[in-house]
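Read the structure below first, then the notes.
The first chain written gets the first letter, and so on, giving A, B, C and D; residue counts start at 1 in each chain.
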Amino acid sequence: MTISTADYTASELLAVMSARLLRDGQVVFAGVGIPLLAATLAQGLHAPGLTILFEGGVIGAFIEPGKLPPSTNEQRCTRRANMVLSSTDVLLLLQRGYVDVGFMGGAQIDQCGNLNSSLIGDRERPTTRLPGTGGGNDIASLTQMIVAMKHEKRRFVSRVDFVTSPGFLCGEESRREAGLTAGGMYRVVTDLGIFGFDEHSKRMQLLVLHPGTTADQVQANTGFELLVAADLEITDSPTERELTVLRRLDPDQLYTA
Amino acid sequence: MTISTADYTASELLAVMSARLLRDGQVVFAGVGIPLLAATLAQGLHAPGLTILFEGGVIGAFIEPGKLPPSTNEQRCTRRANMVLSSTDVLLLLQRGYVDVGFMGGAQIDQCGNLNSSLIGDRERPTTRLPGTGGGNDIASLTQMIVAMKHEKRRFVSRVDFVTSPGFLCGEESRREAGLTAGGMYRVVTDLGIFGFDEHSKRMQLLVLHPGTTADQVQANTGFELLVAADLEITDSPTERELTVLRRLDPDQLYTA
Amino acid sequence: MTLSYAEIRSRTEERDRSLREKVMSLDEAAALVPDGASVGIGGSTLSRTPMAMIWALIRAGRKDLFCARSITSCEGELLFASGTSRHILTSWFSQGIVWGVSRIMRAYTESGRGRFEEWSHMAVGLRFRAGAMGVPFLPMRSMMGSDVIAQLPEARLIDCPFTGEKLVLVPALNPEVALIHVQRCDAYGNAQIDGLPFMDIDLAMAANRVILTTERIVSNDQIRRAPDQTKIPFMAVDAVVETPFGSAPHECYGLYEPLFRHLDGYAAQIRRDPEEGVRAYLDRYFYGPKSWTEYLDGLGLEELLDARRRGTSIHDD
Amino acid sequence: MTLSYAEIRSRTEERDRSLREKVMSLDEAAALVPDGASVGIGGSTLSRTPMAMIWALIRAGRKDLFCARSITSCEGELLFASGTSRHILTSWFSQGIVWGVSRIMRAYTESGRGRFEEWSHMAVGLRFRAGAMGVPFLPMRSMMGSDVIAQLPEARLIDCPFTGEKLVLVPALNPEVALIHVQRCDAYGNAQIDGLPFMDIDLAMAANRVILTTERIVSNDQIRRAPDQTKIPFMAVDAVVETPFGSAPHECYGLYEPLFRHLDGYAAQIRRDPEEGVRAYLDRYFYGPKSWTEYLDGLGLEELLDARRRGTSIHDD
């Protein structure tokens, strides 16, 4: 059976495509939502030895299908974990260098990979106050990042209203000069494609298109001018196995509606 | 029965007299040897609610009679403890201010209450290298101190060769000026008497004589000029009950030979 | 805000740190928290929230508490809406990601009626840890370059005297009171915590007073049989209140999971009309019941039992 | 000595941190420690000393290790006397207070053949903790004004940028290898520690490699059934060696107490003639036996059983 774009939701596509970026044996620090789901999916598929860390204080958990936690701070996150520790100490593992990949969602991102989850509008009098950084700033400051998010023009902006979780700040060497000498944005996965960052300018670059999308369509949904890789690739559609395992994980569509 | 000086050893006198300084409900950070013994003795006598801390990482232990630990880092220190924690964290309780009294032995002390347990002679080429500070420096830096030690002229010197555990440093305000704004020497208990420190000069002052000793005898055994309190008191002899409980604690005379 | 060492020491010295019983009622414990106090709240998001104590403080009409918590959920909404707090320091504030952005948090912060002071999750933890260690600050390596730190004049950037690297120093946070819910403790306050400890151990040692609520009180003998399981020492604790289901409708590790149906209902009520919805919720669940037991009864035995069944099955397989 | 952050990160990045089996022999584990390495030693004084690993390193003829331990007992004497180390960083160094001042420590340090670098006990702990946290230093409030700090150019005095108070900054210590003995761990290195943890958790996270010796290897399933009892995560561990009585003649909490008669005999032998006594001891107990079991046999089954009886009775009453 051929899988077409009608066979999966945008969230499912996001989960599958980001799961594919994780490699067996890696240590991934996963946020709630799509990241938690995608990391668990990768464990169930090609990366059984993936070590998942949660900021609630968990090392090496295996989330039970159908029992997704409402955040990364509940006991559901600790199922079959190798270790449970304080949230401060698990975040310090990022600083100590134990984590290969930080993996989280985003509400708003800009062309240098900075994420905003704090506020829209003026800093003193925001029009919309958002929930804030959580561990997002720590994760983005201290390790290589994969961000999974819906691709909408209002979410892909030239410059975020507020840098909650630092990407490459103002581009070029500005991240390093600010004192963030480790980590940085590695990939942004959306329902349209996969993006990296130019080595020198540190600007977002379209690397891979998902099935049925075009570079023009991606640009049309982006609020700044995208760089486009010379050898633009196209991903393989989600497989039936990927979708089956994913749907078993989230039968109530808590995160994949 | 009247107890005479022939009925107890110098170490037993030390243990009894320092035990009497501890009050019920206090939190005492006790070193190994006489301090551990005296604190346990106080628990068995007038201070059943004395909380004993050991630098091995113990809060609120009750040492079993006849099973004295060889240091404060063995499981014997944890018997019926309320809590066991890391040695760093138990030392941090001193810094956080949880401890009323630090209580330790001393090899060499000077007229400002500085203790030396590091070396005799020249710092670069000592004639005798001693075992060092352990937690002594931390305890003496961060809380009110009681020191229990044998009274010998070579141990009571004008200025210690090496300040391992700070008393009042050079006297007057020098301790505070060095950055040690909390704690300080409170009492020195020896087999001859009990000593405090002058409020202004911070020099050692004879406060109390043990039975059968005189101020002249104390001065003759001291390597610097002692201040003497105007209202010099004389302690009551160790009681039969004190000696009985003490001897039950240390039947092998591990610390009271 | 950063206390001098003399102040920290004298506050601790004045406390009765002796081994003594300190079991009391929720109302008696609430009386230990004055208006305007700085209050550290244990647990995180939906876990081991000291809900019974927050419930008691809201009922007691406490005002202007400065609250600090790792991650803040609906208890923060209720603290704002009841006037108990107008200033919450935390890293993330909404009922929970599955329920979207908090309408109450938005309503209060956007209108200036409430302040949400945002620090990174690790920064909150290190501020408590500095407080617990009795030092005025700790160094860390995140937040640099972001707008989070740009909003925080209390955090300082330095060049490391050892390596020359840029570092952030975050100041100690020593709350006047910590509210912490645990699975069990003795009458003296020696507390055991199962599962996720969050920042509670550092918070307990940083605070100048600790109020423990506990699922059950056990004997001191039981504590002493496994002293390496004691996570908070009696010396640090000022009040012990036995409150079964003391985190409900949130969870308590190994004992009960969140009451999801109740939380969904709460979220729906807020979504329909934030200000009126939360007011009605407070009236019904916080001001209305005569006792904690009556509050639990209002949550419903069926859902409590369901949460208990889910909570106790965590290590069943 | 203080490593740059880039160096710390790249060393950690190079490690295989995946969930994998790493059970090996003492000899194989000893091969992971090169001559001249900096080595953190777990336990304290007579407790949970990683004696089996030290035994293996001395037998392997390892040279010039820089060793760091909270408090150092006879294992330090043996490291000096065997030439395995000429530089020991610790807060206290002698066999134990009941045996008086170490003749070996004196002989080596007073003649300049060995260096005893003295830091306060808390300073050693905070140096490991800074290393574990990935920061270049931690602040503290002891040592000021003393001659201990006067001997330590690596410690710095600063005026606190928040309070103006004087503080000491102690630099991070990130040993190349940590040797830690535990009661039990799984084949991946998830370790449980009963009783006194000393500085072992910080040491494990500070080091760039961890060699665990363990009284027994348990299943990963057993570990996962109580994840809050895991004290060292597999990610930090590079070798797991099963060594029953791995701390003997020292103790291992809850399992065996020190072999006091053996230690008294050792002390008497040293007292009679320090250099010759320790040489004879090394020959008999370290170089002579063909295996760890033969070493234990040399300690004597009767004393092992006695130590086991005393050790397992700690919580009997």
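Here is the rule we use: a residue touches a chain if its C-beta (ideal position, glycine included) is under 8 Å from a C-beta of that chain, and two chains touch if they have at least 3 such contacts.
Just so we're clear, the structure is a prediction, and the values are computed from it rather than from any experiment.
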| item | value |
| --- | --- |
| Shared chain contacts [chain B and chain C, defined touch] | D |
| Greatest separation from chain B - chain, by CA centre | A |
| Chain centre separation in whole Å, for chain C relative to chain A (CA means) | 29 |
| Between chain B and chain A, distance of the C-alpha-averaged centres to the nearest whole Å | 59 |
| Cα-centroid distance, chain A relative to chain D, in whole angstrom | 41 |
| Multi-partner residues of chain A (at least 2 other chains) | 58, 78, 80, 84-85, 92, 95, 181-182 |
| Chain D residues counted as touching two or more neighbouring chains | 5, 134-135, 140-141, 165, 167, 195-197, 227-228 |
| Pairs of chains satisfying the touch condition | A-C, A-D, B-C, B-D, C-D |
| Touch list for chain D against partner chain B, complex | 44-47, 70-71, 90-94, 96-98, 101-102, 105-106, 109-110, 112, 116, 118-123, 125-126, 128-129, 140-148, 151, 157, 165-168, 195-202, 251, 253-254, 257-258, 260, 311, 314, 317 |
| Touch list for chain A against partner chain D, complex | 24-27, 49, 51, 58-60, 78, 80-85, 92-93, 95-98, 100, 181-182 |
| Touching residues (chain side chain C, partner chain B) in the complex | 5-6, 8-9, 11-13, 16-20, 132-135, 188, 190, 205, 220, 223-224, 227-228, 230, 233-236 |
| Complex contact set, residues of chain A against chain C | 32-33, 55-58, 70-71, 73-80, 84-88, 91-92, 94-95, 118, 123, 125-138, 141-142, 162-166, 169, 174-175, 178-182, 254 |
| Chain D partner contacts - residues on chain C that touch it in the complex | 2, 4-5, 134-141, 156, 158, 160-163, 165, 167, 169, 171, 194-197, 225-226, 228, 315 |
